[in-house]
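When the chains are written out, they are named A, B, C and D in that same order, and each has its own residue count from 1.
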Amino acid sequence: MNELLLAASGLILLAVALGLARVLRGPSEVERLMALQLLGTGGIAALLVVAYATNVPGVDDVALGLALLAAFAAIAFVNVLEVEQGETEA
Amino acid sequence: MISLLDLFSLAAIGAGTFFFVAGTVGLLRFPDSLSRLHALTKADNLGLGLVVLGLIPRVEISLAALKLILIWGLVLTSGGSTAQLIGRVLRRGRK
Amino acid sequence: MNILPFLDILLASLIVTVAASTVVARDLFAAVVSYVAYGLLLAFVWIRLYAPDVALTEAAVGSGVTGVLLITAGKRLAAIRKAEPEAQPGPALKWLTGALAVLVACALAAAILMLPDVPPSLAPEAVTAASGPGAGLGNPITAVLISYRSFDTMLEKVVLILAVVGVWSIGKDAAWGNAPAPLGRSRPSPAMVFLAQILAPIGTLIGIHIFWVGADAPGGAFQGGALLAAMWMVAMMARFDEPPRIDAKWLRLGLVAGPAVFLVVGLAGISMAGNFFAYPPGFAKPIIIFIEAFMVLSIAVALPLLVAGPPSEGYET
Amino acid sequence: MSPSTLAGLVGATLVGLGLYGLVLHPHPLRKLLAFNVIGNGVFLVFGIIARRGAAAGLSFDPVPQAMVITGIVVAFAASALAVALILGLYSEAGRVTLDPDAWTKPGPEEGK
């Protein structure tokens, strides 16, 4: 059972990591950020599954912290962008 | 011997894994940014949601289950809002 | 069949790949995003090394707050990157540097493979120290931070203050005393406001929770403070709050509160327990929590100021 | 191979990679990133030492771990100062190159 869970988390991690190819390929900056976002969420999922399969303590708090900060990179990016574009649109 | 709860866990986590894989494939293969964003949000929301659903029967204390749900809720909120923000950026870029 | 070793190898190769893409990526912004991904993956490695405290710090500081800092800077600088082609180093220098890097990495790897079998460790001493004056703390790392290596921890807060002063001093003389430029746009989009309304209150609670459980479980002043700092940043991005004027009294008090309280308690230790930074027996835990609370405050104030940058001329508020 | 040895080897590789980037990249922000890659490699090497302290009866050695936590925060403070310097240079001069030859030539601002 635990082996299956570990396999699932490995698969999730592998999948979202392959998505990181978008960081290099782009083409636009938004794509690079999307891949990062996917890595964050998939990482949380893989982390939770591993934590419950191996009984490492304290992992849920780490996942909580990651979940809280999941959007930070993207919102920082959007903020810079909108300040630069002269804040035209409401 | 695999119990019914284990089976449920496996099914939910397996489905979650499927959504992450599908999201990645979408991110890599879809032709334009907006459809890639679409694929990403499915993986974010459903993928993690199903994984959390599969883990809930496995927790020993109910407080931990609440924490799992909170994690999912946080990711839902930030994922949804980020998708909105990125979508606005993309829409403006196309004009 | 055991799958865990394969997971470890997968994670290890991922880290190396992402680090390599940080170093070799052509695009500046791609390098920055790779670095943030690298920080995220490192948090997972720390979990595998049974260091959830470090993982939490890495997730909050190394990936979250650093991510905001670097992505903001990378986005601003990416614009000029195309206009100004840099002189690239020649092939001879590349080969030489590559050889040097391989040499250093191999030497380090050899040292790691040849580590003595019975590792020298300060752990027994630290445990004794923690069970003595730091008694009552279930988390040995918190005990080490506040009791066994208390000087390090206090001076590390001083480093934070010095860094803040350094960042402030980069601003123009005329701007001294002003507030840094706002973190968000003047009319934040509804999605941003919504996100901040949800995240900031919940995140503040989670930050306090992580600080509070830090005495007995993974967590502590650093991690809790970093999460609180991140929540203040979210509030400023949605313009619920503005970066404060850098000559504000409360701000400066908040910055020095952590190390100051630490130092005062340390000095009090001389008279009460006979030693600098010695805690009187029986009161160790409440005193440590008291010190930590002020350190949380200092961290939560210092990190957003470091991200906000030097005082700006345009914003007088 | 045990996970901690593997992590140690990863740490060594990261130090090498970061060193390569630190020396070769002309852009200061890239140098900063490479420097942080080195830093994290060093933290990992520290981490496996922490894991080896398990012999002392704990599941880990808390002393190196506590020092890594301190290190991460200090590394962030240093990075923030560096970023502020780079952005300050950019807003003063309109460019961020560290090449001394480039500064003797007219820059994009003066050239106009």
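One rule holds in what follows: a contact is a pair of C-beta atoms (placed from the backbone, for glycine too) under 8 Å apart; a residue touches a chain by one contact, two chains touch by 3 or more.
No experiment lies behind these values; they were computed from the predicted model shown.
Chain pairs B-C and C-D differ in how many C-beta pairs they share in contact, with the greater number at C-D. Distance from the subunit B centre to the subunit C centre is 28 Å, each centre being the mean of its Cα atoms. With centres set at the average Cα position, the gap from subunit A to subunit B is 10 Å. The distance from the centre of subunit A to the centre of subunit C, with each centre set as the mean of the Cα atoms, comes to 19 Å. Across the assembly, subunit A contributes 33, 35, 64, 68, 71, 75, 78, 81 as residues in contact with two or more other chains. Residues of subunit C in contact with two or more other chains: 4, 50, 53, 65, 76, 189, 192, 195, 199, 202. For subunit D, residues touching at least two other chains: there are none.
In summary, the structure contains touching chain pairs A-B, A-C, B-C, C-D. Taken together, the subunit A residues at the contact with subunit C in this complex read 3, 6-7, 9-10, 13-14, 17, 20, 23-24, 26, 29, 32-33, 35-36, 39-40, 43, 46-47, 50-51, 54, 56-59, 61-62, 64-66, 68-69, 71-73, 75-84, 87, 90.
Against subunit A, in their complex, subunit B makes its touches with residues 2, 6, 9-10, 13-14, 16-17, 20-21, 23-24, 27-28, 33, 36-37, 40, 43-44, 47-48, 51-52, 55, 58-59, 64, 67-68, 70-72, 74-75, 78-79, 81-82, 85-86, 88-90, 92-93. Within the complex, the subunit C residues that touch subunit A are 1-4, 6-7, 10-11, 14, 18, 21, 25, 27, 29-30, 33-34, 36-37, 40-41, 43-44, 47, 50, 52-53, 55-56, 59-60, 63-65, 67-68, 71-72, 75-76, 78-79, 183-187, 189, 192, 195, 199, 202-203, 206, 210, 213, 217-219, 223, 227, 230, 233-234, 237. Within the complex formed with subunit B, the subunit C residues making contact are 189-192, 194-195, 198-199, 202. Residues 4-5, 8-9, 12, 15-16, 19-20, 22-24, 28, 31-32, 35, 38-39, 42, 45-46, 48-51, 53-54, 57-58, 61-62, 65-66, 69-70, 73-74, 76-77, 80-81, 83-84, 86-89, 93-94, 97-98, 100-102, 104-106, 108-109, 112-113, 115, 118-119, 121-124, 126-127, 130, 140-141, 143-145, 148-149, 152-153, 156, 159-160, 162-163, 166-167, 170-171, 220, 222, 226, 299, 302-303, 306-307, 309-310 of subunit C touch subunit D in their complex.
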